[in-house]
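What follows is a set of structures to go through.
The following pair of complexes shares a single chain, subunit A, combined with subunit B in the former and subunit C in the latter.
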Partner chain A sequence: MLGEGMLKGLAETAKNFAGSFVSKERLTTVQYPEERIAPIENTRDFPFLVYDGDDAMAGLRCVACQICEKECPPKCIYIVKSTDKKPDFVGKMQIYPARFDIDISVCMSCQICVEVCPFEAIKMDTEFELSTTDRFGGLLYDREQLSRSNEHYHKIHPTEAAEVDARLAEEKAKAEAKAKAAAEAAAAKAAAAPAPKEAPAKEPGA
Partner chain B sequence: MATALKSYRPPVIEPSEEGDELLEVAMGPHHPSTHGVFRMDVALDGERVIRLKPVFGYLHRNHEKIAETASYLAAMPYTDRLDYFCSLTNNWAYALAVEKLAGIEVPERAEYIRVITAELTRVQNHASAIGFLLQEMGASGTPLMYAFREREKILDLFEELTGSRMMCNYMRFGGCRVELPKGWLERVRTLVDGLPKFLDETEALLTGNEILMARTQGVGVLKPDLAVNAGVTGPMLRAAGVNYDIRKVDHYGIYDRFKFRVPLGDHGDIYDRYMIRVLEARESIEILKQALKDVPAGPIMDPKSKIRGFRPKAGEAYGRIEAPKGELGFYLISDGTGNPYRYRVRPPSLINLTVLEDMCLGQNVADVVLIFGSVDIVLGEVDR
Partner chain C sequence: MSLTAKLDQIFVLLQHWISGFFPLWLQPAVGTILAVIAIVATFPGIFAVTTVLERKGLGRMQNRLGPNRVGPLGLLQPVADGIKSLTKEDIVPASADAVVHFLAPVVLVAAIFLGFAVLPVGRNMVLMNMDAGLLFFFAIGASTELSIFMAGWSSRNKYSLLGAMRAVAQMISYEVPLLLSSVVAVMMTGSLSTVKIVEAQSGFTGIFPHWYVFTPWGFAGFVLFVIAALAETNRSPFDLPEGESELVAGYFTEYSGFKFALFFLGEYLGMLSIAGFGITLFLGGWGAPFSFLGFVPSWGWFFVKLFGAIAFFIWLRGTLPRLRQDQLMNFAWKFMLPMTLLNLLVAGAWRFLGEGWSRWVVCSAVLLLAYVLLGRVLMRKQNLGPRSYRYAD
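Coming up: the complex of A and B.
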């Protein structure tokens, strides 16, 4: 019969239409600004800089090694190294970024900066409501705007952050044990020889 | 230079024998029916297409040259943006080419993950291709929205795994980037169990529909010999009746372990291309079911592969896979440095588009839109 296929199709549409009133499975949309779907843990959009402690600028993990700047595919990261040094999480004196800018209008959220960072200093945020009326200055984030606490990192990516923390704690313990051994060796040496020399601590992540 | 410019000018059109004048229509680059920024210069005699010239390049982004100046790894996120519907298959094709070039082995678990993600990609690509085809036929909304409802579920799984819905950037040379999240395979199983129902629904809606049959059967016929000569691949070629599927020909990855059939068409018209996509999605579900049954434990990355400072030895390699749209290949020449000397993409969309004029000649102008839609292209891949 001509039109049978069409009637069959219309029945399917009617089933879906009526079903959307009763079945949650068929009603797949949400009213966005008022209703939101639960965030997915692995979501990424733009990078941020992790800091430990309370002071964002003092606790930045970044040591301005510029690997991410070099590896970034669209080259949206700009880093200026500092001239002085500050202690990092194991207490070793390190250079820090005097400037760390990311142009998020250029960033393509590929996560390669996160993958290549040996210091667990840069991670991906999940904040997506970033629209601004100033498309040049408003989308060029400096290090103050980019820094987020480790607690924030734990909140958005709990599994990943726990792994990172475990890894860092292990490194710190290793570095401390090494420093202790070096100090003991130095003390033993000092007892034997007049000129003590401190063994260099192992770089974290190397 | 002058001659080159001259060849771009449309040829002078003579009035036909009856004295009627031909009408030249530029469909696109901003035309509601084209998928992206693509132009068709159509010469019409009444409603009939006398000549059709595809004009593309509006979305050219210098993909190949960028990849030649960037490191091997840095080209990976750019491959997501070729065919932005199927970023995971693009990743795989590029990773396969680099693995061939550098001789990297891929762990078994990573191979299974690759197959699962690639087949999910195929299902969602074919579903949305059917939806868009119907959209162009005038069934605005319903089939496309049904397809997108299903696609949404698959994209949610991709986001859970890779962090991004479309720009996945998931595969690496020698494996995959991150381990599967907890319970991910279970959720994929649940989804795969629901997919046949969705395809049944789509078929109930469309396959027997008289309007769809009237509009598509016998329209835009592509002959198998022309398809082979033009290098057409993918569902377009199989709809013309040529049995060629790189998953069967090359057995790349671990495709030799799975039992699946390659659906073939008889007529090579739009209806066959629609049917082929439905049937291929069904076969993909079969592959998914087999792959999900025995995902082994183990590493997901080859321990020898490096993220930074990757320098394959000098040589060349061509890696190709059966992407949802056809044969997607990457040709790489390495000179031993950190970036490829030559990086070339063989995009299925572009090469499938070369037969557009042959399919459109003598058809009605309203069918041009349909024929164009049945090729299933993404302009990001055509123009690169």
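Coming up: the complex of A and C.
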């Protein structure tokens, strides 16, 4: 009969109305600043720079290769290469970013910088409460603000971080074995003839 | 005068007391101004309460809590909204007709306020006891279409114009059943005066009141009136003129700041006034629902019924999806109009069948039969399958 479905609908909403006062489980929302839902593991919004060890600036994995800067679709990354070098996780001397800025207000969270990085140095964070009172400077993050420890990465994306760590450890082991083999070869050569000063180690991740 | 009678007439006594301070020739004018102030203060106040109740009620229907941040239980939300709309920038589009653009919300709110003039809020509590009160209300109510069209036309925006077109088409279509469904109350009372219509319903049989809604023609008239009233006030499920998903905001797309707030106010005041008239015509106005509850002031009953009507409107809004334009028009002309016309005949038959149970059976049977048959015909003709194109494929 005409109007039957309407009555059914009215009964349903009345049930919801009364039920929301009685049972807490019915409520689909949480009271946000006080209550929070833990983010799911695949949550990602803006990039950060990973560092190993305790000193953020010394442990940065980034070698200022500028691939991310070139690939970034909205061009929100700005990198200045250093003139001196510091050792990376394998021990090889690398240049490092003297400046590494990301304009969060321009970033579109596409994750392309993460995908192109050969050094596992830039990853996606889950921090989303980024509002500031300063419209321009407040959202332009420099390398100190961008750097997060590897432990932080493990905390927000455990599966992915474990994979990255395994890959890096494998590379390091490979590099060490190679260096050892090269050193042995050099030692063997040195026994025969004057040796070159340093064994050329292969670039990790290449 | 007993205490209950005093309480019943407290606002009337207050009005007389205050106007007593003025010279005799000024007293009628002062009394009227006081009543106008009371109306202008009360109904926007109810509007403010309604907005927060609506948001909380809709939230509960969707298993949310609704606004609960501003003040205790979020009850100060309308204050925050008011401050927000007052401090927002008032944008007038460069190509808009500035004068008409400004006039539209003002005319809308003014016209809707005029409708309250003939609404009996309590015993002896009506601003103007007009002989043609109902006619006045419908004439004023029809003029809101003008301001809506002014808003849509002056904005020079396709969404505004489409929304205004829809609003005018809808309001003119539903004006007919709205009027025809309320005519039965006029037929039975023999007067267009809203005060007389309420008085005609103030008797009791046993403990039950003589409200028109408790008769077959009155019940049908009431249901038809409620549907037409929903459409007249652009409330869900008839909110096509301002369908957010289709038209941004319909005719007030180009309005911001306090002009937008005025449209919002006008819409809710329209709902309050039409609910008030539904109560007056079919639910006994300010009359008590049972004879032993007569000690409660008459204005108290009116506002209880008004809030009941508002709650029902909110409930409907939380339940029903928006209609399509053709469904809207089909419903108006193929269901509402025949039913209201038939209801007029039934009301006449009720009058001339005389006292007794036979008129109850005959009138109920005719209306029920018509409802079932019309419903069947309308449901059968629905073409709900996928749309087929004759030339495009």
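In this text, the second predicted complex is superposed on the first by the 190 of 206 C-alpha atoms of A that agree within 3 Å, B and C clash if a C-alpha of one lies under 4 Å from a C-alpha of the other, contacts with A are read in each partner's own complex, and residues count from 1 in each chain.
Methods note: a residue touches a chain if its C-beta (ideal position, glycine included) is under 8 Å from a C-beta of that chain, and two chains touch if they have at least 3 such contacts.
This structure is a prediction, so every number in the text was calculated from the model and none was measured.
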| item | value |
| --- | --- |
| Touched partner set for A:Q31, first subunit B, second subunit C, both or neither | second |
| Which of subunit B and subunit C A:L2 touches, first, second, both or neither | both |
| Partner touching more residues of subunit A, whether subunit B or subunit C | B |
| Partner chain(s) touched by A:A183 [first = subunit B, second = subunit C, both, neither] | neither |
| Which superposed partner A:N16 touches (first subunit B, second subunit C, both, neither) | both |
| Partner chain(s) touched by A:R44 [first = subunit B, second = subunit C, both, neither] | first |
| Those residues of subunit A which subunit B touches in one complex and subunit C touches in the other | 2-3, 6, 9, 12-13, 16, 28 |
| Of all residues in subunit A, those that touch subunit C in their complex | 1-3, 6, 9-10, 12-14, 16-17, 19-21, 26-29, 31 |
| Contact footprint of subunit B on subunit A as seen in their complex | 2-6, 8-9, 11-13, 16, 28, 40-44, 67, 71-73, 108-112, 115-116, 124, 159 |
| Residue ranges of subunit B in contact with subunit A within the complex | 70-71, 73-78, 80-81, 142, 146, 149, 152, 156, 159-164, 167, 169, 177-178, 181-182, 201, 204-213, 307-308 |
| Sites on subunit C touched by subunit A in the complex | 57, 60-65, 68, 315-316, 318-320, 335, 371-372, 374-376, 378-379 |
